[in-house]
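What follows is chain A paired twice: with chain B in the first complex and chain C in the second.
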Partner chain A sequence: MTEPHSAQPLLEISGLKTAFDTHDGKVRAVDGVDLTVHAGKTLCVVGESGCGKSVTARSVLRLVEAPGRIEGGTVTWHGDLLDGTGESFDVLSLNNDDERLQRLRGGDVGMIFQEPAASLLPLRTVGAQLIETLRIHTGMDKKAARKRAIELLDEVGIPGPAERVDAYPFQLSGGMCQRVMIAIALCAKPSLLIADEPTTALDVTTQARILDLIRSLQAEHRMAVMFITHDLGVVAEIADEVAVMYLGEVVERAGVEEIFADPKHPYTRQLLRSVPVLGRDRGRDLPTIPGTVPNPLHRPKGCSFHPRCAEAIAGRCDLDEPPEVVFDGGRTARCVLYDQTEGDRA
Partner chain B sequence: MSEPMLEINDLHVRFPVRRNMFGRVTVENHAVSGVDLTLMPGETLGLVGESGCGKTTLGRTIVGAQEATSGSIRYDGQDLTQLKHRQRGRYRRQIRMVFQDPFSSLNPRMTLRQIIGDPLVTTGEAKGSELEDRVAEMMRRVGLSPEYMDRYPHAFSGGQRQRVNIARALIVRPKLVVADEPVSALDVSVRAQILNLLRELQEEFGLTYLFISHDLSVVENIADRVAVMYFGKIVELADTAELYERPSHPYTEALMSAVPIPDPSRRGRTGRVLLPDDLPDPTNPPPGCAFASRCRYAEAGRCDAGTVEFEDGVRCVRTGELELQGIVKTDGVH
Partner chain C sequence: MVRFLGRRAVYMAATLLAISLVVFVIVSLPPGDFVTALEARYAVQGQRLTLAEVADLRVRYGLDGNILQQYWHWFTQIVLHGDLGMSFEHQKPVREVIGSRLGATLGISVITLLVSWGIAFPIGVYSAVRQRSVGDYAVTTVGFLGLATPNFLIALIFIYFSVSWFGSVPSGLCSPEWCDASWNLGKLLDLFGHLWIPMIVIGTAGVAGLVRIIRNNLLDELHRPYVTAARARGVPERQLLRRYPLRVALNPFVSTIGWVLPLLLVGDIVVGQILGLPTLGPILLGALKSQDMYLAGSIIMVLSVVTVIGTLISDMLLGWLDPRIRLGHQR
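Let's look at the complex of A and B:
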């Protein structure tokens, strides 16, 4: 296997649109999202509930369930990057029974979800679930798969793996279940790990260990990671690149240092200010973002953040879709503030 | 020095896990195991700890939603644990609870008027137009428009529902509010609003809070003092600044160091303590310090034997010998 070049795109999401038909109308959960995950790097997708970050992640592997529907865009998997024999293809244009799609799911792309206990089958041992995945994607026989399963549980830091392999999910703590999920996601040595809020339900101490684990596995396997979270602290810990989403759109994209040192979009700026930070905000009133995240059914006209934005310009932000401004170095922000003033290509 | 608002003494709560053929409990889970805690009027006491440490059980026991196994909770000259169900009424109005999940803690078949006004109706305190006025006033006070009074919870966002929860808790003018993870389920952009609201209401109504959370940044923001709970016991208790900057218990140090800081330039900073997973079995607590199995400072022969007393705000035999690291002060990001 040739080493992939570090800055090459492994997964390119372009113009992705995913919508849900509900009784009250059509919800455009993801509305024209462009994202790139580079080989060996970590992309963090940040946003609040309803911003479409999870739906974006699920759309990549076409795991959106009815009444959800992927309506447009492309998801290009650059399989040729990984070894000489792979090919590039658009995941969205494959047939459901295409073998390439099966290989991608759980093979080249591993996925972990927020609630580990809910993602594991309750009536099968964790070993059985791990062994099944191993056998599908690596073609091992039962005995070899069991041996490998125990090794994997050890690798993700589960104490007593030889006994725990026969445990049922309810016998393990949340942190341990999440480790089992990670072992399952990683068992076929994926080139990309999609992690949807994998530490949100866990304690900080467990979270620190899971993040550490993902980081060390990434260094070992040169794996790319697409990490979905709402926690800016977690982003600062693990991201190389950051995409901020709000109501179905990417509003800002930048390197992790840039986004924390110099956030461009008002939403990113206000979000960073409103989150209490250890050692900074003791006993004081926090700056707030007014209002709540609107129901995606009734997305505000113009810039969808304008009703909550401190810097909104009347007559402009409430009417026109803001342009995506590209800055030096390639970072972007979807906001009129930079239109023609700071933007290079405005 | 004013009188304490609430005094908890040697409180124990045990849950039966297994019984033998004669119905006698053979295995039990010691969720709260000898807690002493005092709340002063008007203060916010933060209660932090990992899931399963007993902090929610402690909160539920204070509001009377959970029976204490032994020990006392003194409030207003009365031991709440000794009260018969019928005698609790008065205290149920003075000590209220705000729950974590704003989605499951509101009855979906009741309108906001019914939900918020319910405590007044059940106590017979108000009805008719007076009830309506008080509900409207409370709604305004927590930042909800009274015109939504006849709507159902499903029409509201998480932050708005948490406002409903707060309104319901405060409408009977309680003195003490036990808030169990009140902002954990909320969107990050809405958390600051609710935290600020809780602070405002505290001032206005002279409330005392027991603020239970696993989120150390949130607790630092709102609490005057903080108690750290581990395995059913308070292991450290101090003023917020003291606890965060100069922790005395190794567990507090480990908790602090695990909190991710939103500042990428400090990534990979030294001093992160990674705790191993092996929590002791709650049905069979180890002798000595319950944290010893995960503690990097534990000394065989000292930490794993005998009882560790709570002295000078900390429960650790090695306290005084250790140089523990607190949080690093940040000017932060913008």
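Let's look at the complex of A and C:
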């Protein structure tokens, strides 16, 4: 196992709750999430669609839009403490016009999204949008920013950057647009990159290239990455630590090798079992997790996974919230199976 | 670009040719002609025209041929000599009749448009950015009232109150004592004293409509991924609004130039009639009533030309503003 805990915590999410007011009632998309991203490391947040991964990522930079609302918890940024420029602070308690929030967005934290083409304004050239961000965070003049923009486009592997800087987003492929987004995200040398399913909308070859790019840039800039994905193959490839989310909660946290070698939570186990393995699964039906993620409006009582769980204990899982169990080495699982047997009560 | 303009010019010419034919036929379609209408008017005054006089008038006005001949005469005169023909009713060249009113019409329309824009724009943006706030609901409610109330009704309400409070009807653009005076400060002040009424009357519905359009266009754009992405990279809110969603939301406006231009020229016909404004609208109405076909046909033709040119301008502007239209074919 890589040793995530030897690294300093850069971002600490604690008890985060984000809810959406809908006509049918309040949807608790994120319901008490605790996560830590360590400096220079990669944290993968995995889970099925609708489990709150993206909302968690967006809550960090307070990008959740109405009718969504961050209702509680803290998001502590330790970046300023680590580089000696200031104190740690809670992002959620900043005023909207706080200069630290502006600096965090695009400055200390870069972010890339699922739909690269839609994340760029079609009416302005990619260069204009990159230069704008550069100037906001570095105060460069127009000429210097343009020169730097071309360098950045080159760095993220866009061929002919001097011409492409004047291209419009719709003239570029999805993969190229994502490279532009990465260039924009990295232009102020952030210490954290939040990647919200950045390869989901891309074809497999492009996906692999973008992952390679993110990995090499991460090593080069020594930045941390918070990577949101539903793809366990991606997790195996890039993660140092993994957080598995289910219905707005983190059900298991562990190092990447621990997760794959010894998954604790039944949900994680079933997720892993439903990944096809070359050779093993020939001629067999791929195991699936029965049922679908329940509507968060009607969250099951007790452990929210119990209706789909093969190991659910009647009279226990359907009644009580499962405890968060902490194992040796700091990994956690939110499940009664380990209560008092293997781990200590959290 | 040259090829584009050339192709558009051919389309425009064909469109205008078709419009001119349709316009002329429709204007001449009602039974009778200008002489019949004249007879009727004389009859009301107790006078009668002899058959010889009627026939004489028909020859003088060129109404004795068939309609296609009349059309051909009118059309070639316009194309070859820029001559719009004579107005029977006004006994003047159509060009003069239109020209004398163009200034007032354009003046009122442009000022009204600018004022409506000036008012509607900030309200629409506010209403979209603060969607579902008390202010938004208030604006929307008032806006629907404004949209649903016909302009002429507002004009009538204005006249009612002005008569019961001030004892006079705010008609026209000048008081009798200033109308024939040459331009000076007094006349200008007098003009402004009159101008605000048509402005409010015509502007109300305009503002309400514009607010709805701006609000809805902007609401469509405010939650696009590119807005979130721009916010995530630290673009300050005001700059974000101006450079991203607003920029996209305004493009549809450019495409309205095609029909705003003719509206500017003719003004609001019914309101012009009620308030006695010296705009083209009432003239067009009068010409249609008295079957003054060259005048009516020419006004409609001028409007058509302006519409077609306006559409071309808006298409060119859109291409200039929106790279997706300009470069779309390169993809």
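Please note the rule applied: the second predicted complex is superposed on the first by the 333 of 346 C-alpha atoms of A that agree within 3 Å, B and C clash if a C-alpha of one lies under 4 Å from a C-alpha of the other, contacts with A are read in each partner's own complex, and residues count from 1 in each chain.
Operating definition for what follows: contacts are C-beta pairs under 8 Å (C-beta built on N, C-alpha and C of every residue); 3 or more make two chains touch, one makes a residue touch a chain.
As the structure is a prediction and not an experimental result, all values here were calculated from the model.
Placing chain B and chain C on a common chain A by superposition gives a fit, with no clash between them.
Residue contacts after overlaying the shared chain place A:278 against chain B, while chain C stays out of touching range. Contacts of A:123 after superposition on the shared chain: chain C is touched, whereas chain B is not.
Once the two complexes are laid over each other on the shared chain, residue contacts for A:185 go to chain C alone; chain B is not touched.
Judged by the touch definition given at the top, the superposed model places A:94 against neither chain B nor chain C.
Contact with chain C, but none with chain B, is seen for A:170 once the two complexes are overlaid on the shared chain.
Of the two partners chain B and chain C, more chain A residues are in touch with B. Superposed on chain A, the gap between chain B and chain C at their nearest CA atoms measures out to 7 angstrom in whole units. Contacts of chain A with chain B, set against its contacts with chain C after fitting on chain A, share not one residue.
Residues 131, 223-226, 228-236, 243-244, 247-248, 251, 321-324, 327-328, 330-331 of chain C are the ones touching chain A in the complex. In the complex of the two chains, the chain A residues touching chain C come out as 58, 61, 63, 65-66, 102-107, 110-111, 113, 115, 118-125, 129, 132-133, 136-137, 168, 170-171, 181, 184-185.
The touching residues of chain B, when paired with chain A in their complex, are 50-52, 157-160, 187-193, 195-196, 199, 214, 216-218, 220-222, 224, 240-241, 244-245, 254-267, 272, 274-279, 327-334. On the side of chain A, the complex with chain B involves touching residues 48-49, 157-159, 173-176, 203-209, 211-212, 230-237, 239, 256-257, 260-261, 263, 269-290, 292-293, 295, 308.
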